[in-house]
Amino acid sequence: MWLAAAGLAACAPRRPAGPVPTDLFAASSLREVLDAAVAAHHLGSGRTVRPTYAGSAQLARQIAQGAPADLFISADEVWMDWLDQRGLIEPSARRALASNRLVLIAPVSSSGASVDLTAPTTVAARLGEGRLAMAETAVPAGRYGQEALTRLNLWPAVEGRLAPADDVRAALALVARGEAPLGLVYSTDARVEPRVRVLATFPVASHPPIVYPAAPVRRPDGAGDPEGARAFLAFLAGAEGQGLFRRFGFAPAPV
Amino acid sequence: MFALSPEEQQIIGLSLKVAATATLFSLPPGVALAYLLSRAEFPGKALLSGLTHLPLILPPVVTGYALLLLFGRSGPLGRLLEPIGIVFAFDWTGAALAAAVMGFPLLVRAVRLSFDMVDPRIERAAETLGATPFVRFLTITLPLALPGVVAGAVLGFAKALGEFGATITFVASIPGETRTMPLAIYSLIQIPGGEAAALRLVLISVAVSIGALILSEWGARSVAQRAGGRR
Amino acid sequence: MLEVSGHIAREDFSLEVTFSSDARITCLFGRSGAGKTTVAELVAGLIRPARGRVALEGEALFDSDTALSVPVWKRRIGYVFQDARLFPHMTVRDNLLYGARRSGDPDPALDQTASLLGLESILERRPGALSGGEARRVAIGRALLTRPRLLILDEPLAGLDGARRGDILPYLDRLARDGPPILYVSHSVEEVARLADRVVLVGGGRALGAEAPDAAFDRPEAEAAAGLSAPLSILDGLVTAHDPTGNASQINLAGILFLAPLLDLGPGERVRIVVDARDVALALTDPVDASFQNRLPMRVAALDARPDGVLVRLEAGGLRLKALVTRQASDQLGLAPGRLVIALVKATAAARYA
């Protein structure tokens, strides 16, 4: 057994001989746009960025336990603040990269015109016997969604008819498969999935701004690649990066 | 400190309901399948055994997605069952189904082992005394294997209690309906500062699981004693 | 009437079976590994021959020609396995009644059977707490209580030491007298000689019979396949009197009085004596001052030359006795068919098999 362990250890990948890649931890709703940005950045500067996508809470907790991230992009301010409180990010380099909108979606095959979000009865009617799929209310996307539904007076009608999914992408999948007649997701997610159609966009005022803050992670002993983190962050905030965000449906960050 | 809030009670109650239902409904097919695998020889037996163990090796999310494809409202089996009033989608019965599927391999494995331990020669003796195969199973095989069956059921129950990936993928995390303990714990961890509440549920979860595992262990040993004829 | 014919073919083993018997006790006799248990399992239905026929009291239980095979649980053949196979999760009482309950017997003869086999004191025990002999008796009782048409005993005395055998033998005797027809599997000459009415010799890939023990043991196969070291004479008689002071019993063997060691039987009871041919000496005149208590006047019926001597077949009235003497002895005495001789059998010689 010791031989096996030694063997495995010997097989562990060594640090590549070339430039050290930058480790990026980012919220999963940014997957597509950041994949494109990583490619463009590499093309332009030759730098390699390694992205890891998951829920913001999970990533933040992992960073707090010493996960090797150089740059963190969260789906809301809450988790960035949480890391800041623990002194795990560079607050001076923190900036908001983009913002998002919430939309109400339905399976692409469903009939019916767009929905008037100010009329709770129409939403309930569209829901019928089914459930409204959205990220569970503990995660950022779910929190925004609940906030928006509450402010628009729709929450009482749908509260007992939710299908809270693991994350916003899972909710998207439920609607795409036709398991749920309605879903509440980011507008950027709706664009990615051809099997859903947007019924309505939630007014910006109905929820707290959906902002994506980014900050370099403070690593102990200067480990990792702070250089690369700042470089990529600059890229994302710059013209080319922002252009990509625009292309994928994200709105600019509120000033 | 150890009084449970109404919310916690609801979560624990739902978890126990889901796990108990899952185990109860898994037992008849599980015992039948275990007996078949233990006693019968037929072409494709290895394949059947492999299929039974599939949920053990597949990622739970994959199993959950498969359940969604099959039993979801737009899935073939889901649409078949809907007219007769059986709907698993977004229902606690769906959570029970997911838990049952995930615990099934453990149940079958344990029960099969206990059947293996029952000496088939004793069953032959029962035959010479006039017992038909069914009576033989009820009066000889099952009683001798019973502690092992119980052990398997308890194991399946414990697994059902801890089921996460398949459940959340198949029936989402609906509070009061499908938000079992693991899903509730996960949800609490999503909130900054939710650790304390999560920890409470974790401790309860661990206590129940350990209890179940100890029971299962005792059951397995009981079979060995009984089937070996020493009491 | 039990009729069995069949062919069993396995990878390392093949057996051709043909016998029929309507005796009370039919013995399957042969060496270990010869296939005796296989034949017994065939009759019970636990094994299926490649082809063959099994019929009991005229009812076919298996017939490969008509693809008939009555399942084990319908044959009403009791089987007492060599390893008892009691149900470990039941008391002796429940074990005994298991078969009776399956057939819905409203009044099983539990007390009778328990007393026949001496089980009254252990009815509430569990199999794990029984000795080997007790377990065997329970197994016998369990099979008996199903009122079987045939009872198969597979080496009931195997693996038991002297004391335990003494435990069971009396019960077997009783069973032989009062129970259902028995198919008795054994490799022991003693048991077969003592109990068998008919013998099926199993060996060399064949099981043939059934014949009277005397005739069966006379066959060359009996010695070779069954491991007999010498020819035996099996004599049936009635006890006439006991001589307690002399530790002997008098037996009437077809009119001839024979002295044997003290037997546990009363006057008038049937007894079977087995005499090894090597224990029979011959004299031309009656040696009155020799130790032989049995000096039987008989006539030489035939002489068989053998590698180990000459087998002299003697007869007197209905009694037939075999004596094995050396070539020299035979020549010395001038033995020839028709010759009158005195057969000398030590009273203690019969002790070996009594």
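Every chain is named by a letter (A, B and C) in the order it is written, and numbering of its residues begins at 1.
The rule is short, and it goes like this: a contact is a pair of C-beta atoms (placed from the backbone, for glycine too) under 8 Å apart; a residue touches a chain by one contact, two chains touch by 3 or more.
A quick note: this is a predicted structure, and the numbers were derived from the prediction, not measured.
With centres computed from CA atoms alone, B is the chain lying nearest the middle of all the protein shown. With respect to subunit C, maximal separation of chain centres occurs for A (centres as means of Cα atoms). Distance from the subunit B centre to the subunit C centre is 56 Å, each centre being the mean of its Cα atoms. Note: centroid distance subunit A to subunit C, computed from Cα atoms, is 89 Å. The distance from the centre of subunit A to the centre of subunit B, with each centre set as the mean of the Cα atoms, comes to 35 Å.
Contact with two or more other chains is made by no residue of subunit B. None of the residues of subunit A touches two or more other chains.
Across the complex, subunit A meets subunit B through its residues 55, 57-58, 60-61, 78-79, 82, 130-131, 133, 136, 138-139, 162-166, 170, 174, 177-179. Listing the residues of subunit B that touch subunit C in their complex gives 119, 121-122, 124-132, 135-136, 139-140, 143-144, 226-231. For subunit B in complex with subunit A, the residues that touch the partner chain are 68-69, 72-74, 89-90, 168-169, 171-175, 179, 187-192, 194. Of all the residues in subunit C, the ones that touch subunit B in their complex are 44, 46, 71-74, 76-79, 81, 83, 85-89, 98-99, 102-103, 126-128, 142-143, 146.
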